[in-house]
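Next, two complexes with subunit A in common: one pairs it with subunit B, the other with subunit C.
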Partner chain A sequence: MGLHIDHISLASPNIFRSADALNKETGLGYWTGEWIRDTAVHIVPLGPPGNFIEISGFVDVHTLKNMDEHKQWILDITETGDHFNGLCLGVDSMEELEAFAKHFGSKVNVPDNPDPATHFQRANGYILPMASTPSGKRSVWMKGLPNVYFYPDRTHHSSGQPVHPCEGMVRPTGIKWIEYGGTEEEMAKWLGIPNPGEVLKMKFNGKSLGLWAVCVGAEGKPDVVVRRPAASDAVPVSKFAD
Partner chain B sequence: MQISINHFSLGARNIYDAAERLHKETQLGFWTGEWVQTTACHMFPLGKDVFIEVEGTIDAHAFLKMPKPNYNYDALDTDNEYNGDHWTGLMLGVTSLADLEAVAARLGGTVSPDDSKVNPYSHFRRPDGYTMGYQGGPRFANGRPAKYPRGLPGWYYYPDVPGRSSNQPVVSRPHLATPTGVKWIEFGGTEELLSDWMGVPKASDVIPVRFNGKEVGTWAVCVGREGMDDVVIRRPTAASSIKDPSKYTTGPG
Partner chain C sequence: MAAVLDHIHMGSTNIYTSAYNLTKTTGIGHYDGGFMSSVTIGHKAVPLGGQVYIEIESIVDPFAVTPDKEPWFYKKALKAGTEIWSGLCLRVDTMEELGEIAKRHGGTISPRAGRRTRPDGPGVKFWSAPSIAGQGSPWEVGKPNWYCWEDRMYCHPSGQPVINTPGLVSPQGLDYLEMGGTEKEMEDWLGQPPSTLKMRFNGKSLGLYAIGVKTDTGKIIEIRRPSATQELTVETSSR
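Showing the complex of A and B:
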């Protein structure tokens, strides 16, 4: 596939409430049970070629005793409700991911840590291996920028797991487009490709950086547009300029 | 009146972590996705219509706005060998609303309303849209009677037994144990206190309970497993980690 959209992160103050609300709004189903450390995700598959929204939020309020910059960011961007806080691109090989790491002047987060606590886990015991770039103390999501992933095990990709049944469920047929802040020139520079709008089905709205909407096809029904403010609407990316 | 164990509540800082540890300890399976307002549960069916709800707060902003001190938070914040897990409730079941109302009246309280159809979001819900319609009690409008400490069992009437959390399929994974029911529970306090609360001559003749004389609440649950040894799930009861219960205006039971 080359560089593509892999998944979208939707930060939520209450992932159970947000998944329920998104289901009511769109008819899209979701599955539950995936988590890492103090955070869990409810997964909304978006159809082929394998995309999903992860509705993510704290599930351990005791974690707030030991705050850090990232936790504070999550708290701040969810104080007024759901915000899109990450666009996660994908490539098909570790070599491609390493090329992006080189472009970013960074390294690859390699999924070789034997401690399961460092990986997403599921209620069936599956531990999700994934590699990403760039690597760094501060996530590029906080600057409204996408990062890039390689999933060595596509058969267990979150987009392909069965959802809970629900009444009036919509069958998603894939992402039609996404709406992003900033300009295509900024995105081209960040990714080192000339035409991210065409490659990644991105429209640019000139607002603050980050994802603002995703349009998903629905079998036999009108397209579904999921619109939420970008995280940068709640916490400006300038806060993380240093 | 038929009285039975309905379910147990196992409070956790992080229900995902706690459920995974409980599975590894017991090989019992669980399912996910049930929630009400700011609380979610991972459910462990135990056989014979009984279950454990691994329960925790999943809304950080709501938690920050909750009145403090918070009884359950303070109990769970106490370190132990189970990453803070504490038993936070034993729930008894009766088989009719009339029985539930009789229990609540005997104890000087009332029962919760059956408003699951009109206020579905004030009830436990599941991702498939199912809303749990149950009623519980006793609710005390003017505080609980002094002779009944926190930690005594709540009472419930679940009209939909097939829909009960004990009777939903667990997430499949290798080497799951098949639970065959609760063999016994270890409870704090005395038989006299629990018998008084239950309105029966001898509580242990009605439910399989033994007493350790410690703080009131569940301390251990023994579960049978098909083709395997029984497994004992032992955690401290919440009251054992609360130094001064008088500080709290809210809390379990």
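Showing the complex of A and C:
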């Protein structure tokens, strides 16, 4: 596939309510996804070649007593409702991922801690192996920029899991386009590729960086457009300038 | 007709870890039960066989409730540093039966029906009793309350499929409930012999202390947690 969109993160104040609302709004189904410590996700598959939205939020509010920069960011962007807070690209090999790491001046993050509690795991304990870049103390999502993933084994990829049955369900046929803030030049510079708009089906709206909308094909029905504010609309990316 | 056991409420501070750990340690599976009408509370269900289930609940929305408005069972679980047995819920088949029970306790049926939005199908609706003016939930003092579902066993949480997980056992219903207090106290409250609900009594403060679950392996699995009325010594500050 080469460089492609893998998934989209939608930060939510209440993942149960947000998943239900998105389902009723669009007909897109979801399944109960992974969790790690105080955070859990509901997964909305978007169809081939393997895309999904992860609706993420806190499920253990007591842990917010011990705040850190990332938790505070999530709280700040979800205080006024759902916001797209991450675009996650994918590549097909570790070599490609390492090349991106080199371009970012970073390294590949390979979660190798044997303690399952340190990984996102599913309700039955399954941990999906994955690697990503860039690696750093501060997520590039906070700056409105995408990161890149590689899955050594896509057998249990989140996009391919069965969803909860629902009334009026639509069958998604894949992402048709996404609407992103900033300009194509900025994105080309970040990714080190000449034409991200064409490669990643990105349209640029010139607003603050981050994802603003995703359009998904639906079998036998009109396209589904999911539009939410970008995280940078709630918390400016300038707050996280190095 | 005598009431039967419907479900057992487990108060938690994190329904994901509570459900996962319960399945991991007992082999009894769980599934995602969605959220309650207040949208504040998330729900995981653990079918036990015999039309009985555990509901694990906690706050899942950091903005929906301020620390001073957190549910009492959440605060208790926080204080305990573990899940607690917060409530025991019996089932009757008709609203007439529920009304009679409410009247016998000097109360009414809860004025608002409870609702839960399931991730996988129609929402469920239920009524509970007794609701007694000026008094909290019977759960808080370790006493069971009664429920009537809108459509009895249709989509009943005890009958829904669990997530496939290594090491699952097939639960076959309850073998016993270990309760505080005495048999006489409980019979006075229930209006039926506690033995019909497989209750045993340990003489401690009122409330549920443990359940024994029969399984297809022949083994009885005991699940023990602090009771809602138990004095808890672990202090944990709020948010």
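Simple rule for what comes next: the second predicted complex is superposed on the first by the 241 of 242 C-alpha atoms of A that agree within 3 Å, B and C clash if a C-alpha of one lies under 4 Å from a C-alpha of the other, contacts with A are read in each partner's own complex, and residues count from 1 in each chain.
In this text, a contact is a pair of C-beta atoms (placed from the backbone, for glycine too) under 8 Å apart; a residue touches a chain by one contact, two chains touch by 3 or more.
Being a predicted model, the structure only gives us computed values, none of them experimental.
Considered on the superposed subunit A, subunit B and subunit C are sterically incompatible, since they clash.
Contact with both subunit B and subunit C is seen for A:Thr32 once the two complexes are overlaid on the shared chain. Contacts of A:Gly220 after superposition on the shared chain: neither subunit B nor subunit C is touched. When both complexes are aligned on chain A by C-alpha atoms, subunit A residues 13-17, 19-20, 30, 32, 35, 38, 40, 57-62, 64-65, 75, 78-79, 121-125, 164-166 touch subunit B in the first and subunit C in the second. Note for the complex: subunit B touches subunit A at residues 13-17, 19-20, 23, 30-33, 35, 38, 40, 42, 56-64, 73, 76-77, 84, 125-129, 171-174.
By the touch criterion stated above, subunit A contacts subunit C in their complex at residues 13-17, 19-20, 30, 32, 35, 37-38, 40, 57-62, 64-65, 75, 78-79, 121-125, 164-166.
Put simply, subunit A touches subunit B in their complex at residues 13-17, 19-20, 23, 29-33, 35, 38, 40, 57-62, 64-65, 75, 78-79, 121-125, 163-167.
Chain contact summary for the complex, subunit C toward subunit A: residues 13-17, 19-20, 23-24, 30-32, 34-35, 39, 42, 58-64, 78, 117, 119-121, 163-166, 236-239.
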